[in-house]
Structure formats: structure tokens, C-alpha cells
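One chain, chain A, appears in both complexes that follow, with chain B as partner in the first and chain C in the second.
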Partner chain A sequence: MFKKTVALFLAVLLTVSLCACGGDRKGDRKTNNEIVVGISQDLGDSLNPYQMTAAGTKEIMTNVYEGLYKVAPSGDFIPAVAEDCIISEDGKVYTFPLRSGVKFHNGKELTVQDVLYSFKTCSDITVDSSLPKIFEGLTVESEGNNIVMKLSAANNDFLAYVSLVYIIPEGYSDQAATQPVGTGPYKFVSRSVQENIVFEKFGDYWGNKASVDKVTCKIYEDASALVAAINAGAIDVTAHLTPDQIAGLDEKKYDFLEDTMNLVQALYLNNARKPFDDVRVRQAICYAIDVDEILDLTANGHGSKLGTSIYPKFTKYFDEDLVDMYPHSVEKAKELLAEAGYPNGFSMSVTVPSNYTPHVNAGQVIVQQLKAAGIDAELKEVEWNSWLTDVYQGRDFDSTVCGFDASTITANALLSRWVSTSGKNMIGFSDPKYDELISKATAETDDAVRTQLYKDAARILAEDAANAYIQDIAEIVAINKDLSGYVFYPLYRIDFSTIHY
Partner chain B sequence: MKFAAKKLTNLIITVILVSFLTFCAFQVIGDPVARMLGAEATPEKVAQLREELGFNRPVMTRYLEWAGNFLRGDMGISYSYKLPVSDMVIPKLGVTVALTLMAFVMTCVLSITIGLYQVRLKSPAVDRAMTVVNQIVMSIPPFFIGILLTCLFGLVFHLFTPGYYVSFRESPAGFFGYLFFPALSIAIPKISQSVKMLRSRTGEELEKDYIRTAFSRGMNTGAAVNYHALHNAIIPVISFLAVSLAEMLASCIIIEQIFSIPGIGRLMLSSISSRDFTVVLAIVVILVLWVIIVNFIADMIYPLIDPRIKVNR
Partner chain C sequence: MKKILKSDNWYLKCGIFITGFILIVILIGQFWTPYDSGYMDGAARLEGPSFAHIFGTDNFGRDILSRVIEGTGTTFLVSFCINLIGLLAGTMIGAAAGYRGGLFDDLLMRICDAITAFPNVMLALVIIAVFGSGDLNIIWVLGILFIPSYARIVRSQFVQQKSCNYVQMAKLMGASPLRIIFVHILPNIYSTLLPAATIGFNNAVLAEASMSFLGVGVSANKPSLGRMLNEAQSFLVGGAPWYAAFVGLAIVLLVMGLSLLGEGLQKEQLRGKK
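Let's turn to the complex of A and B:
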């Protein structure tokens, strides 16, 4: 009896293992013209276009939602739901003629009423802190088939904000949290918590229709599970892979496209707290940190060095000179520390959000580098929620490794954060000259002058060593060799519509 | 009747106590507001949302309100997903229950066959060897067995792809295939525990007077084991198995992390970190109910196997 049971057991084991191996159905997916996109976090927040908080949610949902204008891969703003934009001479009146024949995913035709409703709802409930300021004193009205917006003051980045106000059908805000409807090239079909989200091509899309019929985003919260699933052929496209992860992947099955994550990773220093209120201490920390070593140890040398709160893809504003302002030098660091009155160093904590591996890894290297310069640094891993409440909102930290992205692709989105009165100025950076440059730049209409003002402001951040800037983190997209057309954007976004077999 | 009433009172008290304590725990670790509003929230917005969601009211009022809704079958809305909690939890519960039951069936089938084999062994050397191996396997916790199985069968023999979970709707065979190794990791320690139990109980029974009588009647060891000793030895094993059904559910929560299975354990952990307490509470209550009901069933099984045991002890 025992032998029989064992035999039966082994037979069962073999069968189920064979079943479990039947995962490679890449061929089927090609025939059905569908793809599977691997994502590393669930869309664990509201799908309401004005209440999405996670970057991971936004980058997917921009396939469903569109604003009057939208971002092109080049970083320019191009017409979407609106056909055009006519700006008055003084830059205070924007007229948007609506595109005719734009349909929502529920079949309803888009009207001016939907646009008015969307702007009203967005200004009421948005969780984006930059939008309420823009909406202050803004009037949105309809004139026939046109939407006319009157601003209280000219703002050169206005279109960038307009592109964030996604248009939904009138009265649809409450349902949008779970049943999103927009005008984008893909419509939302279903989602299963912690498993997947399914999208289908929208046949009545106003513009160039998408090629792939069905997109399933599968959630792999465990990084090694994600790599295993890619290797098993279960996934066609995955973004945000690290150089470490792709080392284990099969080059015969996948193309690897390299890019950066479009964020400013730095050791952010609490400028309001002793001893970081002393510019010499901050500079000493910059000298003590060896960015090249961080890149080598955490990403096999991939990544773009920064120098200030602007990343290289903002070619217009990026200043190459700032990158090497503080070449690695332990002696200089010690000298500056002694000058500042800390010849024996001091102790500090480096707080990192434990769910972001790149920040944790960088933090580990930084702690060792600071120790070498005589600073007694200690790594403190905290949960994301605690990071948000204690570090970001409570500003209770010495230093933290994290990354800031640009909510809109404007230099303003990256730089205005550090204005002394800004609610987002977590480091408490305060420099009247900086504040003045940013406010001048915001109001300036001449593009060349404005660019120079932003560049000057960015230089101040580097000279004052507001933070110890590290890198724009390298990321790699793995895409099935049968597929092509993946397009990078200068901000967090995965565009399904350009991908095709 | 008295027995059922007593059990029911126990159940109600436990559920109230556990859910209330969970509720209070979230008073300490914080609410989901910061997460819902994201990094850029202004203090005014935070205060406003807190007011809207009623987080400023006293704990007791909020708890009673939650309990009232729960009794009416309304588990509330998830703060992060905005979906009704029941819609989120019930499909996940299916996965976890499937995994637990698979582990349970494996445990029952394998432990009894292996146990019987060992009991009937003629060779003391093999018996001793099996006892030693058993003792070692028993002391390894399920999560570690899970890691070992992943390494061995997933990465070395490629019998399954770690992390490549297949849902039941996609392919039932793939679903059960994927759950096979997780279920096995939960089952293995339980199997060795029950084998050991069966082995030692039978040994004890064989030394008792009635067995000596049986031998004196001319019965051989095999028959004495089959007809007498086993009958008595198996009762504690069956009750042990029934009780371990509750423990297996607990092991599932950890095993789901290792094999990335989207069951209630995964959902519970992620909901704790996003402070999504309506979801956590619903899962906690379900777990409590599961444990109490399983124990109740175990109690009911005794008299069926052995009429000498009365339930209203």
C-alpha cells in the first residue's frame, strides 16, 4: 500500500508540475494580438483621475485618460481632446476649440459640458497640490464649441497643468474611482486586486488607434518573481527593471531598452536642522559622497549623475558643469567639517523608505562613505507610510535618500519645490535669492530669459549644496523580440498605444 | 444544545474582542489619510479628509458603527482601492481556502499512509531511521520548507516558475499546479507531526493489557495493530488533524508571501501597510471565524469516531 501511495503521489507531482509549466503561451498572445505587461506594484489607490496618488497608477492610467492637451514623447504639449489652443497676446486668455467626434469609452460623445464638469471637479477634489494654485482666479467658460480660460496672471507652464486635468463624462466622478472612463486609446475592462488589470483597445478613439487589442497588466510585487515570470515567457513588456535584474534575463527572447526613471535621487539634507544649516557641513557631505561608487555598486555603473535638482533629460535646463562640482575627496570633507567646528565629525541618521530598493541600496553605500569621512552615519529604514508622515510632512529627519519626479515636465515642477514658502520644501531650504529667481522665472514670458533664470536657480542649489545630489536612476525596459514601438517619455508613463507586433 | 450555546457565546466574545483590539491598533499606527492624499497633501486637506471620513469621532462610536454595518453584511469600502471590501476579500478567500484544503488533503492522505507503514514495520532499524528523519522534518517551519522547495523544484528542476501564479479562471490545472508546492510546504511539518503521533500512540497501545490478551488469544502483531491498537491510537491523530486545519490557514499567510500567491494573507499584509483597516478587520474576523468553526467541527468529530466521548464534558 505504501509503495502504491508513493507512486501515486509522484505521478500527481509530475502531472501538476507539467501543468504548472504550461505557462509559455507567447505564441497564443501574438495570434490573439494581446500583450501582458508586468508591473511591480498594484494600482492600489483610487482610479479617479483627480485622486490617483501613486506614480505607478498614473503611468498606466494615462492610457485611459486624456486632458485637453497631452504630453508627447518629445516633452512638448500636443492637442488631445482640444483641437488647438489660441493664446491671447498678454498670455492671460486661452481658447481651446474642442475636437469634434471625440467619444468616451461608454459611448457618450464629448461636449463642452463634460470639460466644464471635469475642471470643476478637479479643482474641488484634486490631490495634486500644484493644481489648486493654478485654479485660483481661473475662470473656465464655454463659448459654443470652445472652452475659454481666463488666468489672473500669465503662466508659461499653463498647458502643462491643463494636461493634468483629465476629461471624464459629466457626473462621473464617483464611479471613476472603480470604473474609470476617459477618452484615451485604451479602455478599462476589469481589475483583480493584487493580480491584474485589463485594458482593451478603444475602437472609437479619435486619433491614431492602438495596435494591440488587449493589454493585461500583471502585478508582481516580488522583484524576483517578476524576473522569473519574464524568463518563463509570461510577460511581454516590463518597465523599470534594474541592471541587476536584467542580468538574469535571456537576451535571445528580449530586447532591452535603457533609459532613466526621470527623477532626482539625492541624499536630501534637513537644512533647517543643526548641523546641516551650515553650508560647509553640507558641502563636506557632498565631498564625502562618491557618486561613481554608488552607481558602480548599486547599478553596475548605470545611471545619470545630476549635481542639482534637474535631470539630464531636461536638456534645456540641465547644466553639465554642476555635475562635478564636488568631486569625491575625503580630505576636503574633513577640512570643511573642521572649519565648521566638527573636527571629530558628528552623528546623523540616513532615513530611507524601505520599499524602494534603489534608495535603500544607495543609502547603504552612502552610510559607509560618510563613515570614511568621519561622520557617524546610521541607516534607518522606515515604512513608506511613516516616511510620508514623519519625514515628508513632519520634516522630522536628518537626511533621507529618496527621489523627486516632475509632476509636469517643466523646470518649475522640479525647482519651485525649494522656494522657502513652498509646502513641499521638505528640507527647509531658504535662500531669498533663490526665491526671487523662481518667482521671476514663473512670470517671465521670454523663453531664453526664463531658461537662464531657472538655470541660475539650479546653480544656487548646487553651490549651496542644498542636498547631496546622486543620480537619475537607470531603468531598463525588457520587451518581447516580437514587439516593437515602445516609446519613452520624459516623465513616468507607459504608453501601450504605440506598441505593436 | 448546551454545548452549542456555549460554543456560540465563545465565538461571539472572541470576535468582538479581536475586532475591537484590531480597531484600536489602527488608532495607534495611524489612518490611511496620508496615503490617500499622497506626498503633496496640505495639512488643511488632511484635516478635511479626516473630518469627512469621520476619523475624528471617538473610537467607541466608530467601532459600534462598523460592527453594526458588519452584522448587516456591509463590510465597508476599502480606503485605498475604493472597492467594496466583500468584493475584494471573497475572491482572495477562495484562493487561500483552496490552498489550505489542498494542504489538508495532502496531510491526511500522506500522514496516515506513512504512519501506518511505519507502525507495521518489522525492522527496528528502519523504524528508528524514520523517527529520526521525522523529528528533523518536524522542526522545520513551513516558510523555510517553502524556500527550500522553491530553490529545489523551482530553480534547479524547473518544475514550476516561482512567482508565476496562474488564476483559476485562466487555467484550473495551472492554478492547482501552482498551489501544489506551497500546499506541500504547509503539509510537510504537519505530516511528520501526525506520523510521530500515530507511531507513538500505537506503541503505547501495544503495551496495554487488552493487547496482551489479544496476543494470548493467538493474534499476531499485525492483526493486533489493525483490529485493536490502531482503533484507539487514531482518535487523537484525527483530532490533531482537525485542529491543524486552523493552523494551516495561519501558515498560508506566510507561504503566500513566499510563493507570491494573491490570497487573503497577501491582501492583509499590504492593507496593514496602507492602513486600509476596513480590509484588515474583515480578514481578521474571517480568520477568527475559521479557527473557531474548525475547532468546533473537531469537537463534533470525536463522538463519531469514539462513542465513549461525549461532547458536553
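Let's turn to the complex of A and C:
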């Protein structure tokens, strides 16, 4: 009996203490000027700036690392470690005068040697597939306090790549994997794998110093645990929530800021395979799919419609007219199918990577919509790795729902994929006019002309119905009502430095 | 039937009642469900139970009751096939091993032991990762993993029966081993096999549900209980707790009915021996 009583007592005590842990500390965090950020996956094994692969790692570590230039919330590139950038007439020579008084988190002052070392190391060991191309024929030299880069050919997106080469102290690459040091507004303090990562405000930051003293990123790999933790008040900021997830959250405690994931979600069609090689069949599929219904059913109506391989935050290139090029119409779809020689439809599979719920959900709705238009579609769920090998590399699929993001914020990153010779052109899209437009655009130096060329190319994708474009998926940031200053970027990034009580 | 109704074997009575009820529902579900289980209604997402939707609706606005009915059918069918493979192959292997004995017996049984050493679902996950998922794959993978448990039961019965007089007699009369196995011994161990099969069925239901819950089970084209439970868990905290509750209830009922039935059959069998 005694044992039982003790056991019961301990159980009650445990429950009470656990509850206490969850609730009360919110106020303490405010007085201590610290915040807890909930993230849904652990950072990658290596925090070395040139070996980070996962978007989830980069979005956090950009608080620690900076390049010569960096991305502003508007999508423009602004000076960071460099003070300015002078571009030669022919667009082949870039001169970056370094900002004076920039310090690394370990107290060391930044010099041109660190920049040269960083560029050298990055070109040697980077795992970013888009970067090596840019290092080809590139020479980086120092001239006094300036860094001079000479390109073999003019490249209008060069600053976008420069912003990806993060500057670390000379000779520091080996330690960077576990003890990252950069010049950013926050310095890395500690990390415990599968649990949390702690950052502290860097007092000697060259620019506007951060407001919050301490940021703890807590890892919740289970989605419902994350939501429960938010409900318990254990988290101040969480990004990447779905509209369904926030439905159960307390509006009195949190502000919900809506954003999009910056990716092009579409039903990608294998243009190289029958019957999708016929433009009428592809257009029929576009007509058969009701994007509004997909948004309603999978995200309570949140999300931005696309129409082509450009998402709306690329305001410069986004063309509003393309969004409704194929308004939902089952009759039109059937007509086009009959014209193409499939009056009774055909059967096809819709492959979806099973670990991405938004794609699986969209796939489920699409299958129903295609059925309504007489196309016998079947959902095929595959594991992420087999999706990569069979669908992406092997190109063995009818159609697939997935999302492509932009590795740099350039139209080129989204559009050059569909050039017929591109290794990334998994749908086998082939249009000589398109290829020509893209190659012209890459070489064009005049910004207005270039923008128009990219826009024209994007229009071809829509007119040819290369894919049935769906949406840029909505995501929501939940932020403690006491906090403000959260800023959205047109790419994966959680900026701690602007958040304040 | 009368005997069962009159008997005081409540396990058997409840088991038959629950399982019978589920079977009738599944049968009706083949011809009629309140709604088309795939029909998505954007205007009625995640609605609570009402007269229009007795079990409420899911995140796509689909009627949960219709999906539970069809899902139970899918789960039942898959489990049935899994069990059939396990039972048939298990009986063959067990009978051969038990009747023959010796090194042959040792070899087969050690292989079975090796398979049993791994948890079913985990081993199935590994195999599915290699061969890919799909309805048929789930069936044969789990089917194979269910063989050892049946093989063991059948083998032990055969070892027992082998030395019985009726088998010895048959042997003396020159009956072939196949005839002895199938005509003489098998009918005699039927009463042991039946409860084992019910319990095996039970495990198959749970295994299929677990696999689907982990996202490697039956394809998303048709509803299945495990899969629905997986989808429901995102709405457990906020939104739609009834979704998971009703799906869970269906699994509980199915499993409980079958295990009561198995338990009841076992009791009946023990009583028969007295």
C-alpha cells in the first residue's frame, strides 16, 4: 500500500512539475529579453557555411553568417561585409571595398585575407550545386582594402551568388562545422543535438544591433508536439505552420502572420511521355484542375495561385495575367481531350512524395478533379528517396505533385531549369523558342530588356501548359503578442535581429 | 447457433455479435455508403458530428462515416489476405516439419525463429523500403511474416498427433504421408487452428493499421483505417478530435470483436476436451 501511495504521489508530482515547466516561463523570458523559436527539424550535421544543405539549417544560420552582400527583405541585394560594389562597364569586374571595423564573433577583426580565404574554401568544398558554375573562370584578388573579382563573362545575377559565399575567419573552416563563427548579428553559443541551438546577441555587430539578447531554437520534430508546445506558451516564434495547424491555436496569445513558402507547386507533367507530349492533353489537364478548390480543401483558401514557374513574391517577373489562363472547366477539358484523340480519357498516375503532406493533399484533390473530367488518375505515394531517384533523376513518371524553390533569388534560378538541355529538366520540356529566350536573357545586360525576356519565357510555359501550375503554398508564422518586428524574406530565412519586445 | 446462444460463453457471444455486426456493415458498405467516400466538399471541412454527417467530416470535407465503413472493409480484406497467406504456408511448413522431424524440422523451425526474432512491423518496414510500397506488397510482406507463428502451432500439433494410435494405424495400412497429413491429422487439429487464426487475424489488422499509419500501407486511393488515423492526428489538438476518435473506435471494435471471438473459441475448445 505504501509503495502504491508513493508511486501515485510521484506521478502527480511529475505531472504538476511538467505543467509548471510549460506555462510560467513566458513572463520570465520577457524580463530576460530572450525568445524561444520552435523549429520542426534539427539543423544539419555540419554547420560549416559551405556544407549546409538543408533549407532549415540555412534559414537559421544566416543569423550567424554574412557574405559580402546579403539579401534584403525586398529581395534586393544590399552591402554587408563589403561597403559597396563597383561594377565595370562590361560587367566583368566587380570591386568590393570592405567595410571597416567589421568583427568576427571570436573578436578578430575582418581583413581581406579572410575574404580571400572564404572564397577559396567555398570554391573547394561547397555542396551548393549552383555555386561551382560561378567559380569557373573567376579570379578573386585583393587590392589594398578592396576585393576585386574578375568574371570570364558578364553575369547579371553575380551578386546573388556572392551573397551565398559566407565570410569566416582565415583558417577556420575545419572548426566551423561545430563552432560556427561569422560576422552576423547573432553568435552561436551551444548546440545539443535533437534538442536545441542557442544564440546570443553579438554586441560588436557592425550594423543595427539585434534587440533580443538570447535566442533558443527548440526542435520539435513531431508536428503535433510543436502545436501543443505553442499552445502551452513554451514557444515565442514558429514559422512554417499550416493554416490547419493554427486553427487550434489561441488568438489571444499569438499573432498570425501569413506568408508563402516561396516555391512553385505544380502537377508536373512528363512532357516526353505519351499522352502528355500533346499540348492539348496538357491544356485539358490544366482546365480540369480547379486550383481554387485545391486551396479551399487543403489550406482553407490560403495560398497564392501561380500560372507559371514564377511565384508572386518575384514581383518583378510575376505576370498576373497568367494566373487565370486556364479557368476551371470540365467541358473544355473534355473537348480538348476529344480533339487530341482521347474522347474517353486515359489513365495516368499522380506520383507524390509521401513525406510532404501539402503535396500529398493536393494530389488527393487533383485525382478527384481529373476523374471528374474523365481521366482515370491514380495516386501513387513514394518515399522521398525513391522520388529523387525514380522521378527526378530517372524521369520515370506520368505526373507528380511537388514544389521547386529558387536557389538564389533570380528568375534564372526558376526558369533555366526548363531549358531542353538542362539536367534539371525532369519533365523533358522542349521548346526552341523558350531555350532561345532564356539564353538571350542570361546574356542581356539591360535590366528592363532582361526582365521582359524572362517574362516572355514564363508566358511560354503557361501557353504550352508545360505543367499544371497550382500555388505557392501558404504558411503562417505564429508570434507571441508581446513581440513584434518579424520580417519576411523572399527566400527561406528567419531573421532574429529585427524581432523585439 | 442455439447452442451458442444458450451457452454461458460470453466471450464467444460478444465476439460473434461484434464481428458479425462489423461484417454486415462492411457488406452493406460494398453496395451503399451514406456519401461517396471520395467526394470532397469544400464548404464542409472538419465539421463536427451532425445529422448530415454522423461522424463529422475530414479535412477535405469527406464524410468520415462513409470512409470508416469503406476503410474497415479495406483493412478487413487486406488482413484476410495476409492471414490466408500466413495460414496456408504456415500449415504446409508446420505440417512438413512436424511430420518429418529430424534435421529438416530443425532447419525450418530455426528459420521461423529467426523471422520471429524481429518485430513484424519493423521487418516489414525494411522490406517495403527495399521493394516499395503498394497494396500487394503489403499483403505478401506481412503474409510471409505471419507464417512462422502458424508454422509453430501446426508443427507442435503434428508432433503430438504423429504418435497417436490412429496415425500409426493409418501408416500400417499403407497410407501415403500426404494422405496422413491432410486427411488424417489436419482435421484433428482444426480446433486448435481456428482460435489461432482469429488471433492472427487480429494481429494482421493491427499490423496493417500500423503500416498505413506510418504511411507505407495501403495506397491513398482507397480509405484505410490506419491511414485515416494518420491523417487525423494533425487535427487532434485543435480542430477535429472526433476524426481520430471515430477511426480509432472502428479499429478498437474490429480488434476487440476478433479477440473476443478467438478467446471464446479457445474456451469452447478447452471445454470440449474436458
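Throughout what follows, the second predicted complex is superposed on the first by the 475 of 501 C-alpha atoms of A that agree within 3 Å, B and C clash if a C-alpha of one lies under 4 Å from a C-alpha of the other, contacts with A are read in each partner's own complex, and residues count from 1 in each chain.
Note that in this section a residue touches a chain if its C-beta (ideal position, glycine included) is under 8 Å from a C-beta of that chain, and two chains touch if they have at least 3 such contacts.
Fair warning: this is a prediction, and the values are worked out from it, not measured in the lab.
By the document's definition of touching, neither partner reaches A:V112: not chain B, not chain C.
A simple residue count on chain A separates chain B from chain C, and the partner touching more is B. Contacts of A:N300 after superposition on the shared chain: chain C is touched, whereas chain B is not.
When the two structures are aligned on the shared chain, A:A338 is found in touch with neither chain B nor chain C. Of the two partner chains placed by superposition, A:A154 touches none, neither chain B nor chain C.
Residue contacts after overlaying the shared chain place A:V279 against neither chain B nor chain C. After overlaying the two complexes on the shared chain, residue contacts for A:L138 are found with neither chain B nor chain C.
In the superposition on chain A, A:E383 contacts both chain B and chain C. Once the two complexes are laid over each other on the shared chain, residue contacts for A:V198 go to neither chain B nor chain C. After overlaying the two complexes on the shared chain, residue contacts for A:A228 are found with chain B and with chain C alike. On chain A, the patch touched by chain B and the patch touched by chain C overlap at residues 224, 228, 231, 383. Those residues of chain A whose C-beta lies close enough to touch chain B in the complex are 1-2, 5, 9, 13, 16-23, 42, 44-48, 51, 53-54, 127-130, 177-178, 192-195, 219-222, 224-226, 228-229, 231-232, 234, 383-385, 388-389, 392-393, 423-424. Those residues of chain C that touch chain A in the complex are listed here as 38-40, 42, 45-46, 59-61, 129, 132-133, 215-216, 219-221, 233-239.
The residues of chain B lying in touch with chain A in their complex are 30, 34-43, 45-46, 80-83, 88, 91-92, 109-110, 113-114, 116-117, 153-154, 158-167, 171, 173-174, 176-178, 180, 260, 262, 266-267, 270, 273-275.
The touching residues of chain A, when paired with chain C in their complex, are 223-224, 227-228, 231, 244-249, 293, 296-298, 300, 354-355, 357, 360-361, 363-365, 367-368, 378-383, 386.
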